[in-house]
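The structures come next, written out as structure tokens.
Here chain A shows up in two complexes: once beside chain B, once beside chain C.
Right, the complex of A and B next:
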């Protein structure tokens, strides 16, 4: 049984969790708006089922309630790091394809990218709070020869991937709110928030 | 021996064949011929029922003696008019596809060395397509033989992407040998050359053409190549479904007529299969218009500012947008122009450096996008196109009851130019007056002027603008205004 946290650490974590919940909620609203604008601007079918796209982290998880707090945070962090890279690529493709044609969408995309980066940093804060080592970024190990270049997609595949990225990001924001609420819950015995390892 | 027939493929030699009764089929044959200009008879033995002999000027007498079981002799007189002329079957040297433009490039040899100089040749080229090898088009191509082997080439642009299904090409020829008396006919068709479609490739799939740029008004064919066991549900262009044509078991297509301009992110062409979604994007836009009202001037003899009216927007953005470059013929210098189609859709601007010791500029404005290009040109003497910036830092440097001294600054290198500046002065007592002063220009300098005969104790509003004194072109904008009151009379 891990030792219970000090009251100040629990307070700090609950504060981080509640701020994270607000951040995720705002991010979700912005992502949903962005997705609508993106689908319209790219001439896509909002109702079309988009197959899972390689490299886009799936929000759906089995036995969600059995996850420990650390697992929740680590999975969230990995996902938002992936979304950060995917959104950055989308932004670059957007500039390349449209230039100044739709600056509004570009700005909205950049704004969501900023929020995703902020949220990833927030998750790292939570992990630091528990003196958990922050996992290195996926590219760190391949620093010398750099991350493998993403496969060259056709324009239509780029559009579909963009739709999949935004859809899945909206789902992740919902999951993150649930995860953070789970982490913020006080432990039934001591009334203090449990250490990350314990919280189911 | 019977039914003697002779065919020539090259107007030099002819191939004669004949029939024999079944009993004499395996025996030896004595074949003799003589032309009627008293040359000695030529004979030889053969087991074949075909021989190649020279073409006679007018006629030839042939004697065929078959030995063995069915001993028989028969004599034939063959006139040139009895000999058929069927050119040698042509062979395709190369068939090269250019997928981005859906063009087939064909090369073949005309075997001209075999024929006399100057004969007219006709070539029929047949393009076939689909699994059923339907004839798509047949074209006749004309050439003149030059008694040398010439390589002929011809191109054909398909109405559908070459990836959609296999395209086959074959050719045949007809030589108009007017001097030859015998009947003339087309050669056999050459063996087909094929450019295989993606629907023949294992795992080949997708919508084609992929990410192409086409002019507004184009008639387009899009195809969806899929697995053999996959069933196509529908194909849409933009938001509209189209009737599907089958090209092969693995390839279906739609035809879109008179395509209209697409939006910035292109028009999606989506192929919905039972378990998959394939798609492509097409960008439908306009070739650039010829730039209108190209005009160039210099504000400061450091840079030349060219402006023009671009005409209607191309509808193409990002990497496909219309690009502009300014080329100056005398110096050979080329400048690419950064133009923001959205911020200034009606007037475009481009800067070109003033070059040392060069007054006359021979500009060509090149405009291009993936659909087309255009040009405008302008010959200009920049000393006659001076349009200074508005004077800055207008200040009063001195005044008394009847005069005011002014000073202002103009950015630019006007050392070799005389400036004409105009000072506007007005007050509540008097109408607006304009005072012109001509000043030798200098390099990024201040200039002064004095206004006299003013009324004492009077508030005046002043501002200044300048232009080139020699070869007036345009006034600068007015400087910011200034208020100054003359002192009271002594």
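Right, the complex of A and C next:
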């Protein structure tokens, strides 16, 4: 049964959503600029269709309008956590490949990584507000026999994956803005955000 | 039995009179009018280098009995050139539509076939009843980076042609122009105009997918536009209008995050508020109004002829000092 949201919680949620929308908007603008620079400097084709790359979260979703608020937050959080790891990996590869030759690209990557981390934290705040448990990150648990590390990609494969990462991240940033706008809407029945008052 | 025959412009056309022998005596008509024998080779009708005017009904009659032996409807035209295809989403996130036309007419019936592929998935583009050259497709996925590929093939009896468009979901988002644009003067404000408008009715969910707007305005007498971009709201007050000048105003819309600007809205015209002209109280004015002349003097709306505080003298001879200077200068000219 849906519980009514307190006025202070509603205000806090709307505030978090508004700030999140601004964060995501700025992040998207920076990612688009970074993608343009990345494609140019890596000698890639900007218009080429890049196949889905394993491990890169796809922004594409069916029945987006039917998602609950919790689903939106959880999917966003999982995506940005994955992007955080992927961008860190890209940064590391960039430093190995080019050293100081491409410091500008490295700095831009680092700046986007920072924004992605900040946005992930922002999503965790929203989930805490809804009294939802924050799901643990993958790889936190120690296992005796963990999965083998993925095979090292060739330089060209790394570049293509980097393009896929940035392209999907740009899409996610737009999707996140839309998701947060949905979350910011008050529910007519309970006053809570649509779908957020539902039990998992 | 009547036939239809399609031929290209510029072609040479030979028509046989059904099963009649070459040397049979026949008469050919075009749209009921006899064709001169110079166009016949035996019983065959020869039309050289046909053009559009050759289109029509051709009939062949046996010479003596005047029995109709053959009839055909000749349609002269051209094979289709590459069609022009456009796809657009004016109702994001519901879906998009594609519309098409031929750059030049073919003068014969054309059929169009459209295919839409999203990645590896075939999608159905539902044809609209009106207009006929349009179909719409519903988005099954949102926020996809996979491109859509739309291929339009046009076929007519003389040949076929096709064109292909490839685009991603965001690139084709273009709202319709804002509706119900209204511009009004603001009372007691000679430099202001209040402009308001509405979201295009085709945009399904402006709350979740808000639009931003671009307003442009200029006085009719000038060519240069002023521009204002507005990130929210559906109204704006222009505060730097030239007093008394008629303005033309238009608004465009764009999704806040993706796509391109709409076309400009229908233009509206408005003139800022102007003050009612005051009656003049100078001697010159009295002289003028009592003359035979029917001309009337209208003070410019932003200027005053006389302030009470600037009056000199009293009674019937009271004049304001500025008007007095004018009168004095005028008098000097005629001395």
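The rule is simple: the second predicted complex is superposed on the first by the 180 of 200 C-alpha atoms of A that agree within 3 Å, B and C clash if a C-alpha of one lies under 4 Å from a C-alpha of the other, contacts with A are read in each partner's own complex, and residues count from 1 in each chain.
Note that in this section a contact is a pair of C-beta atoms (placed from the backbone, for glycine too) under 8 Å apart; a residue touches a chain by one contact, two chains touch by 3 or more.
Everything quoted here is computed from the prediction, not taken from an experiment.
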| item | value |
| --- | --- |
| Chain C versus chain B on the shared chain A, clash or fit after superposition | fit |
| Which superposed partner A:26 touches (first chain B, second chain C, both, neither) | neither |
| Which of chain B and chain C A:177 touches, first, second, both or neither | second |
| Which of chain B and chain C A:128 touches, first, second, both or neither | neither |
| Contacts of A:107 with chain B and chain C, given as first, second, both or neither | neither |
| Touching partner for A:64 - first (chain B), second (chain C), both, neither | second |
| First, second, both or neither for A:42, with chain B first and chain C second | first |
| After fitting on chain A: smallest Cα gap, chain B-chain C, Å | 11 |
| Chain B and chain C footprints on chain A, overlapping residues | 50 |
| Contact footprint of chain A on chain B as seen in their complex | 206-207, 210-211, 238-239, 263-270, 276-281, 317-319, 321, 340-343 |
| Complex contacts: residues of chain C adjacent to chain A | 93, 140-147, 170, 207-210, 257-258 |
| Chain A residues within the chain B interface of the complex | 41-45, 48, 50-51, 95-103, 154-157, 159-160 |
| Residues of chain A that touch chain C when the two form their complex | 25, 28, 49-50, 58-62, 64-65, 167-168, 171-172, 174-175, 177-178, 181-182, 185 |
